[in-house]
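So that we are looking at the same thing, I have put the structure below in structure tokens.
For reference, chains read A, B, C, D, E and F in written order, and residue numbers begin at 1 within each chain.
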């Protein structure tokens, strides 16, 4: 039986700290997975990660006590199913703007009769056991990204889709969509209000609220706002900032 | 004509801040190369970087204002020549313990009649111009790693090898070789003394002194001790530390 | 001129034994191709095979006397055309549920005026000769997968699409679609009946009937039922079963 | 700020000579980029280039004075955005047949409020500077491929789409679409007339006219016809022709 | 602390069943690792596995309860150390023919002062814990391959090298070396006698005796002869045999 | 039984035209192999080709009527054997300067009792048949590169090594070794004389004479001088020259 520890955490209202991978490198992924995160997400949308690399990364993080997630490039059921077959225990789908899009996304993550996922759990039986298919529908988490103006308008419709487990706010795109500069910590009242409305509404619909953050500090603040699934920066930004700090220290 | 800015810096006694790559990923390499380092070293000894990956990494850092270096896996002339053909402007060779080993290393980096490098600058003409071969012998830097007891005994013999440009101290291996726990900032007097003797002797022989460091702080101290080529940590350690800091910040 | 031996076999009612690849490894592909199969299918839906790997696999099996086929990830004309350009002589398309879907699939496999395939046979001229484009439309096989309830309802409509050469039954998905546990050899009467109806109808429409099987034994039975294109297991399952048998033999 | 030299050239009516890559190899890409082209296009439609390879190729050509372009596999916004995040400064989109398709294509290349591009310029900040997002919408070129009968019918509708910068004629597909054999230098009057009508109309709509050519000779002729963005053959054809010439020379 | 379960098994005289990998594919490796073997060996000598592939394979098998071993290409200390840094818990070194070769091999597997292994456990800290270096020397297994005439002559000298844990017989090469056709189950008395002498001598020197076998049946027989580390075929042979069996079953 | 057509050609004094690959890309390799060469050499010394890439390239050229050869990086028996296991039917070994080096090289290419090649023809049985090992020693060609001053001094000693089939002159390195600028068509009398002496001596020792050439024209001349195995340029140079010609044609 598949164990999905972050599912239990989210259901009991605990905080999940998530890692975000942009490098298509399994060694870097394993290093990240060993630092204490609850989950590790391969970003196949803005990260530069091919299919072959994604598979090796999912394998590499399997020996660490983290839950593997994938942010897919788009709401394409073929790619969603492929990443599930490769071992992802949750999918973050970008740009969900309507109820229909959300239903389509969720359906791709569930075997019939609940959804339309095609059967062929290539890596999953080796990784999660022979009974994978029995528990997959219940154990795989679905995150709809809320990051467009249309999504805000359809928020209740989206959040009430059966089978949706969580939302994940993309603050950069949300700010852009509302007519402001991209920022993961925007000071624009309209953006702040939208981010606040999403978490409030999600909680009302018993949907776990998640959000991308530029740093641990902002993540900490988001938790106070009610968010429960937070990503405190991505691996590229973390590495780059640490490198700049080291250089400055040397150069004085 | 090849420009090797760190050669000029080292010859004039300026400090060179070097990046250290362990991930076989060209995107992570480019990110590192964009942070302000003077040079970027691909570690083919302890990093997990195959030949194909090394080539793409050398290409990726070529658009940034850094000098590409390679630490080879061992003193194997075939691999040294290959990395030079792929565009490295300097080679750091591990475990140089005798004058003969140093001569063999340096010879692999130079075309005849100075050395024995085979002619076939596959990527170098596209990258450095049609006259690459005219300047390669003068522009490529050779770093001998001093990290064994035998190397300490043969220090003067090694440092006086014609064509050797620099030394690079491996403090972990040096500490181990002297019978102490591996550390890049050992407090053992014998190790401290050895590291001090290397920099003093190198300066006497007009050999640029370089050293691996665990952090910017230690690198800063090494510069005060006389070292001029310093590596303030590697990319894996930098990324991991930043990730742990972010997690701790979130969890409080 | 392209020779497609399994086309001849299927047209004359002979049996085609097909291999099924899940590993994105060209050496494993070549080994499989050397064992005596008539055709070898790269499974890009449930197998873990990236584009680069698929190309090397198609090349690797080209020196063996087998016909290269590809099961695409979805009915996406861009990917179908890409695999044809890479040398596939047949496409197996999953989840064909309507006549329109089948028409779209077939059109992607044929150059105008018959279909909409874009011209650019990158690997095909080197592999099949300068006259590839003259014969491609006639030599490339199209397999529509019948594996949904909707497909059963639209069976005649699908099978009568001009240019469709064959069907390929996915028994796991078909069983799931009908409300039963996934199985490639289901004992549920409704599934058995569906599988029987497909072969009967296919023969009536002069469409070659194909099916996925869990073993040589079941494949043999399917042939008796009328199927002519059979896959007796996939490479992962074959390797795993052989490994377990060897271990059991050793351990006694 | 991003500099896009071919944008300036095209706006001032100068000729742009473009390279066309089919090999998923970053070394071959860098060699091509070093020969004097104004721009280099990765062909992800008919070339055999996976995502990982595409990223390394875009990196490899970054150290050469060329503008990186990508011909995407299809009008799929997820892939278009990915290639922009990886550093492409222009997208050539195949099979644009209607105004709606063109609008959708252009929207994928622009951040809101102009378009729908998702924010996450993973490689672009390192490559083009921290202000990449400020200039991206103005600096990225959009090329709609005109290569179907329907596109000819909708030519004015397509060319008047706001934000479209250029067209790129695919003469092979265009000839096929009009019922003739594929050729990049067709002698069929209907094809010649269509190619002539496209350049005339494009100029009228202030859209830069581009076209694929089989050779430098044909490219030269196309320039006389008014075309300004020309591709004089692809790397595979160039290499193959040179190899055959060398063999013939040896064998006499 | 590293746990090396096969070390415990071998020390207590239990049988270890080992898998043998020839495909450079991490998915195939994980499948093999999930079938019940005690250890899994990446064959970098005759398998077709590059460095990058080897790293992903070692990662992939880390989530399964098997011990990762590597047969290196040759007695090259650079490559031996690299595979240890990548996470191998044992090295099988081919063609050990003299005591000096064996000493050199063993030294490469041990940190000073016992050996000469360079410090830089890149993947090992993430995989085995921060105290990896404290236990590495005691936990890593060394297997010397006995497969030349000279090795037979020097058998006692080789087996008495301090730090050698096991031998691994290569019956094909041994048969060839003795002047007979290559076979993993030779019926030549001289070969049989040599294989018998190796196991007897190994046991006398408290060295674990291992051997390559063509099948489970032969492995079972070898165990009766005293061997304790047995490889019942490799993944390529297993997959190929299973494929041929399935084809024969279908064709009747 | 392995067929090695260039062996027959060389034995009967016919000319062999050889291709030279520098790109680690199997598609580019297949294109080259389809142009009419007798043999295709992967240059693992100056080309940028990793092991994984080399394997896919050897597979890719297997479907074309060419003989696959490999120029190894150095006289390292482990890598020589690996490339033979991967399917090379001949090895070109750089920098053979003494009889002992030549003997060591030749021995690595032959199974005992003739040589020391280790048994494990991983890809060869699938590619060349089950009886590969019976014919390998007779069918695999050995080319010693003559390109150092020392090699000229030891020419007769080298050429008389039993099992050596051919020499391959590296004119660039030879010119450098003699104190002149690197050139594949040097006008220095001493270089010309050396190249002439090599062909004369080779013929006397019944060793096939081969040489690298910068163009078809020079290759033609070398044939007149007696050379029988000629390489008229490498793929990178051919592609680059063709690209420059096309650009010049366009720009006028």
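Everything below uses one rule, namely that a contact is a pair of C-beta atoms (placed from the backbone, for glycine too) under 8 Å apart; a residue touches a chain by one contact, two chains touch by 3 or more.
Because the structure is a prediction, the values reported are computed rather than measured.
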Ask   = Which chains are shared contacts of subunit B and subunit E?
value = A, F
Query = Based on CA centres, what chain would you say lies at the far end from subunit C?
reply = B
Query = Pick from A-E, B-F or C-E: which interface has over half of its contact pairs in common with B-E?
reply = B-F
Note = Most remote chain w.r.t. Subunit A, using mean C-alpha positions, is F
Same or different contact residues where subunit F meets its copy subunit E, judged by the half mark = different
Note = The distance between the C-alpha centres of subunit A and subunit C, rounded to whole Å, is 34
Query = Roughly how far is subunit D from subunit E, going centre to centre by Cα mean, in whole Å?
reply = 52
Ask   = Measuring from the mean C-alpha position of subunit B to the mean C-alpha position of subunit D, what distance in angstrom results?
value = 41
Ask   = Among the residues of subunit C, which are close enough to touch at least two other chains?
value = 22, 24, 27, 31, 34, 48, 50-52, 55, 76, 122-123, 236
Message = How do the chains pair up in terms of touching? List each pair.
response = A-B, A-C, A-D, A-E, B-D, B-E, B-F, C-D, C-E, C-F, D-F, E-F
Inquiry  = Touching residues of subunit A toward subunit E in the complex: what are they?
reply    = 26-27, 30-31, 33-34, 55-56, 59-60, 62-64, 122-123, 126-127
Interfacial residue positions of subunit A with respect to subunit C in the complex = 50-52, 55, 76-79, 81-82, 85-86, 111-113, 118-123, 133
Key: Touching residues on subunit B, where the partner in the complex is subunit A   = 15, 17, 19, 22-25, 27-28, 31-32, 34-37, 48, 215-217, 219-220, 223, 230, 232-233, 235-236, 238-252
Query = Which subunit E residues qualify as touching subunit F in the complex?
reply = 22, 24, 43, 45-53, 73-74, 76, 94-95, 147, 170, 172-173, 176-177, 179, 182, 236
